[in-house]
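So, here come the structures, one by one.
One chain, chain A, appears in both complexes that follow, with chain B as partner in the first and chain C in the second.
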Partner chain A sequence: MTALQLDSVSISFGPLHAVADLSIQLRPGEVYALLGPNGAGKTTTLNMILGFLRPERGSIAVAGVDALTDPLGARARIGYLPETVMLHPTLSAIENLTYFALLAGRKIDVTTARRLLDEAGLQSSAHERHSGSFSKGMRQKVGVAIALAKQANLLLLDEPTSGLDASAANDLSNVIRTASSRGIAVLMATHDLFRVKDVAHRLGILRSGQLVEERDAATLDPVALEQLYLQRLAS
Partner chain B sequence: MILPLLRLEIAMLRRDRRAWGALLALAIVVVLSCVSIAVENVRVEATKGDVAAAERQRWLGQGEKDPHSAAHYSIFAFKRAPALSALDPGGNPFLGQTVYLEAHHQNDMLYRPQQNASPLQRIGFASPAALIAGVAPLVVFLLAFTLVAQERERGTTRLALGAAIHPSMLVITKMLAVWASTAGLLVLPVAVMTLGQLTLSGQIDGDTLLRVFAWSAMFAGYLAVLAAIGIAISLRASNARLAMTMLFGLWIAFSLALPRAASTFVDTAKPLPSSQAIRQQMASEAPAFWSDEQAQRNKQELLARHGVSRLEDIPNPRMAELDLMERHSHEVFDRILGPFYDQVERQDRWFALLGFVSPTIAIQAGSATLAGTDFSHHRHFIDTAERYRRDLVNRMNADGMAHRAHGDERHTNDERLWSQIPEFVYAGPALGTLSMPAWPAFGALLVWLGVAATVLTITARELRP
Partner chain C sequence: MSAPAFRDLFIWEWRHVGRSPLLWSIVFVLLASFTWGAATTAFKHDQQTAALERARADDQALIANIAERAVAYRAKITEDAGQVAYWQDPTNVAGYSEYFVRRHALKPHLPLSPLATGVSDLAPSRLEIKLNTPFGFNDTYDFENPRGLALGRFDFAFAVVVLLPIGLLLLCALLITFERDRGMLRLVAAQAVGPRRWIGARMAAILAWFIPAVLLAQVVALAIAGVPLGEVAAPLGVSLVLTLLYICFWSGIALFVLARQPTAGAALGMFGAIWALLIIGLPMAVSALVATFDPPPSAIEYVDAQRRVRDEIDAQRDALLTHALGARPDLAAHVHRATSLDYATRLSFLVPEIERRLSPQRVAMEHHRVRQERVALATGFLLPTLGTESSFAALAGTDPERQRRFEQAAREYQQQLRACVYPLVQAEITRPPTPPIRETRGRLNLPEPLDLPEFGMTERSNAERIRNVLPFALWLTLVAAVISIAGWRRADQWQVT
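Moving on to the complex of A and B:
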């Protein structure tokens, strides 16, 4: 069963074709990077997969669940990490994780919460601190732990490394690799070519809502990837 | 699953110092107001009990005299504070606590607690009911704003919706968190304190239990309406600033503007004659009895009633005439005061009907009824005291009429007769046994609950990150 299946998905905002005829398929454990400039349709694609936006045409299935007819069922199989993870500032990392896991229908105890936060790379001393004092990287790690707590089939990451320092971004790469090794498919919308090369198995380049290139990441070295990206945006 | 979520939502509220601080401050004032009224009630009721006992002794010990003079000597009757008056004193502070029962007069009630009220009580913000009805909406809206509008502005809602929870569940949990916090801190403590106080003072019975339960349920329902409205507006407003403005405006409308407008409307649409005018009418109609023309008619009636042709043939013509006068005054009082009280109750019914315009009006109208402090309960006391007065006067007059006394002769009696008059003991009516002018308020609150639930459901359905 595919982890994610997008078939000819399209959506417009007035005269603007935000996403046009987009088809992507992800196998379990596969990491797919969706590249593209601002306004290319990356976040819109993620919003359609999450059911926040309804495509005008096409179909979306998450781990076999039709996201258009059963958006909640599909969402239950998705771990979602927005560009900026905004937690409840007055709750601790453990409480935030417990809260969002409960929202996803999973009750976790403190031991499990600590293990998940450790796996996400959040230092133990921060587990019980109120998240209001967290850096973006720390919030991102709690967001990863939330996604892991859901035991999702698919991880959606929206610009996951934006604003992170090198160390935090490296931690995130490790988390993505770990998730992938556990059979969780990852779709990440990003500008970060270095990170793509680092963790992605496949990549797709979106321009004006259309998928203009799709490659195996292993076939490209970093320089070739950058050149391909720039060419595709320019053409 | 909902309970652990609720616990965390309440933890978020608790840790927001501004909103939770406002709630705690209000809760403290509500509890203090309840304690303050209860303590004052205990003091005043003890005084009333002492004075009533002294009155009884004064009545029994008035010595030998003409029974009609005894009817004039008479007693003070005291209205016990309703069991729930610490929750909502209603009109009690303005309505008087005692009435002097004497022949020929249905007197106004005396001693209005408002005369001795603290400045806070004088401006009408000193009871749990007034505070919860008037100030709680602001606090509830602040909590709803904290839990929803701020979260949306921050972006937390996006992560929450991405977690696969049904939006309705998310919204209902937040609404329950606001409701549980406010009902738990504002209504529950005063309800428990009142039950404790009633138990300690031996006033607890089925009726008081029912009243406390109904009062608490009504206020809990009111807070649920406010929580649902607060959450819905916070969700629908395009940004947090607009949400705050709308909620603040709604508080002003619900709690300040509309109740005053409703009161003015009712006063204008259903005006009452002044109590001065009523007293004047009673004073002018009762002496008409003494006109020469009326005196002739009375004489004929007395002769016919006793089946004689001369007043001298009536055993005690003076007492018979006084009895006739007394019965005439009853008819005058009933004819004037009955419709006047009906008008007051009609005003109350109209005010309660306007509860469909604002839930605060509905709660204001309904609360006093459940607490037993509205006008219909006060009227029950007036009617009970008046029945007692009439029985007393009629019994005195009957004793006089049963004994011959002509010219300057006077029949007298003593404690043997006075003790046949039972002590005045007032028990308030059980809930539901009176006509309740405020009943539309309960319907209005139910409608508000329905509307709030519908708005919340629709809002939840349309919730987008």
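Moving on to the complex of A and C:
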């Protein structure tokens, strides 16, 4: 069973074709990087997968669940990490994690919560602290723990390394690799070519809502990737 | 993996909302408002009750004074004692009728009266009844309740109707829009929960704290105001149900607005507009419409009519009295005395004539008053804010309808007194106009002061009072349910793009 199947998905906002005839397929454990400039349709694609937007044409299935007819069922199989993770400032990391896990339909105890936060790379001393004092990187780690707690089939990462320092970004790469090794497919929308080369198995370049290139990441070195990206955007 | 159970979500939200300082700040402010409102009304009603007691004591003192005077007027006089005016003589039935028949009609407050001031600060709860005052009593106060369709004073009902929604809407707006304003809504929406369950659980958690706290505050406030809770259990219970339904009505509105997950600013703006419309705008508009299409009869014209009729009666006095005596078989033989009747005896014929001539204006005023009550009742169904306040007043016994029945009873009481005294006064016409018996000061055609009936007013029972507010309570239930269901249906999708 595929982790994610997008078939000829299209959506317009008035005269603007935000996404046109997009087809992507992800196998379990596969990491797919969706590249493209601002306004290329990356976040719109994620919104359609999450059921926040309904495509005009095409179909979306997450781990075999039709996201158009059963968006809740599909979301139950998706771990989502937004570009900027915001948390309840008066709750601790553990309490935030417990709450979001509950929203995902899972009741987790404190031990499990600590383990997930450790896996996400959040230092133990921060587990009990109110998240109002957390840096962006720390909140991002709690967000990763929330996604992991869901035991999802698919991780959707929206600009996951935006605003993170090198160390935090590296931690995130490790989490992605770990998730992949456990059979979780990852779709990340990003501008970060270096990180793509680091963790992705496949990549696709979106321009004006159209998938103009799709490659196996292993076939490209970082320089070739950058040249391909710039070339595709320019053409 | 399945969506979270509503129960689990509710329990988490309940714990979280219970720790909110905002919740307890609002509950505290409401408790203080309820207590202030109920206590000030109770204080005012205590003063009015003291005034009723003074009036009752005055009546008793007058009766005792009349009896004492009658004894003095019956006693043998001394050589040098002169004549006395008939109006000072309680043994003269004519003077007695005009100057010594004075009683108070009293409307006591009910035990639950601190629930609402109603018309009790505008309409009197004691009326002085004299035989010859046209239509029962001097209506020197304003019959129209100028605030019947507006805000009203700061009493308990005001605190519930006007302030409670502000607290509830503020609480809902700030607690339910928190995730959107903090930029967390996408993360929430990406979980396996729909907006209906998520908003519903939080709203239920807010209400699970708010409703018991507010109802408890209501009971505490009324207890502090001196309401004997045990005596008024049934109407108090209904008032609590009304408060509960009123909360449900506003929470339905809150759900309807918040279903689309606006920001706190947008939600508060919308709530402010709805609140102002329901509490101020629409009542004022209805009031203006009523004043435009069914204005009250002019009070000045009525005063002028009274003056005109009195002048006419004065001019036609002898003719009227001659005609009145001639029309009565028992008095027809004494028509020649028409021009020499004393003032009080004349009034026994002329006052009913004054009332007859003024009755068109009086009937018009009464009809307008009844129409206003009907409009207020209908408006209460259109605007639950007014309906709730009116229902509180009905349970408290401070409603316009009870006041009107009190005034009707006062008028009937005057008629009862006239039925007792007028025949005795008019019977004197048939007797020779003998001078006072010289051995005494008194006229002695009324040897003993009359044992006049006491004022009585048939009060509605608690059950009847409750029955009166039930239609509104049922209507409010329906309206709250419809708005809540509409809000529930509206929360069909996340608004995160």
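We adopt the following convention: the second predicted complex is superposed on the first by the 235 of 235 C-alpha atoms of A that agree within 3 Å, B and C clash if a C-alpha of one lies under 4 Å from a C-alpha of the other, contacts with A are read in each partner's own complex, and residues count from 1 in each chain.
Here is the rule we go by: a contact is a pair of C-beta atoms (placed from the backbone, for glycine too) under 8 Å apart; a residue touches a chain by one contact, two chains touch by 3 or more.
Here the structure is a predicted model, which means the values were calculated and not measured.
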Check: Do chain B and chain C fit side by side on chain A after the overlay, or clash?
Finding: clash
Note to self: Going by the contact rule set out at the top, does A:L230 touch chain B (first), chain C (second), both, or neither?
What the structure shows: neither
Next item on the list: Could you tell me if A:Q151 is touching chain B, chain C, both of them or neither one (first, second, both, neither)?
Entry: second
Margin query: I'd like to know which partner A:L16 touches here: chain B for first, chain C for second, both or neither.
Written below: neither
Check: Is A:K107 in contact with chain B, with chain C, with both, or with neither (first, second, both, neither)?
Finding: both
Next item on the list: Could you tell me if A:L72 is touching chain B, chain C, both of them or neither one (first, second, both, neither)?
Entry: both
Item checked: Partner chain(s) touched by A:A218 [first = chain B, second = chain C, both, neither] -> neither
Next item on the list: Could you tell me which of 59-67, 77-85, 203-211 or 329-337 in chain C overlaps chain B after superposing the two complexes on chain A?
Entry: 203-211
Next item on the list: Once the two structures are superposed, pull the chain A residues common to the chain B and chain C interfaces.
Entry: 50, 52, 72, 75-76, 78, 80, 82, 84-89, 99-100, 102-105, 107, 143, 146, 150
Check: How about chain B: which of its residues touch chain A in the complex?
Finding: 1, 4-5, 8, 11-12, 15-16, 151, 154-156, 158-166, 170, 464-465
Margin query: For the complex, give me every residue of chain C touching chain A.
Written below: 1-4, 8-9, 12, 182-184, 186-194, 198, 494, 496-497
Next item on the list: Sort out for me which residues of chain A touch chain C in the complex.
Entry: 47, 50, 52-53, 72-73, 75-78, 80, 82, 84-89, 99-100, 102-107, 143, 146, 150-151, 156
Item checked: Interface residues, chain A side, partner chain B - complex -> 50, 52, 72, 75-76, 78, 80, 82, 84-91, 95, 98-105, 107, 130, 143, 146, 150
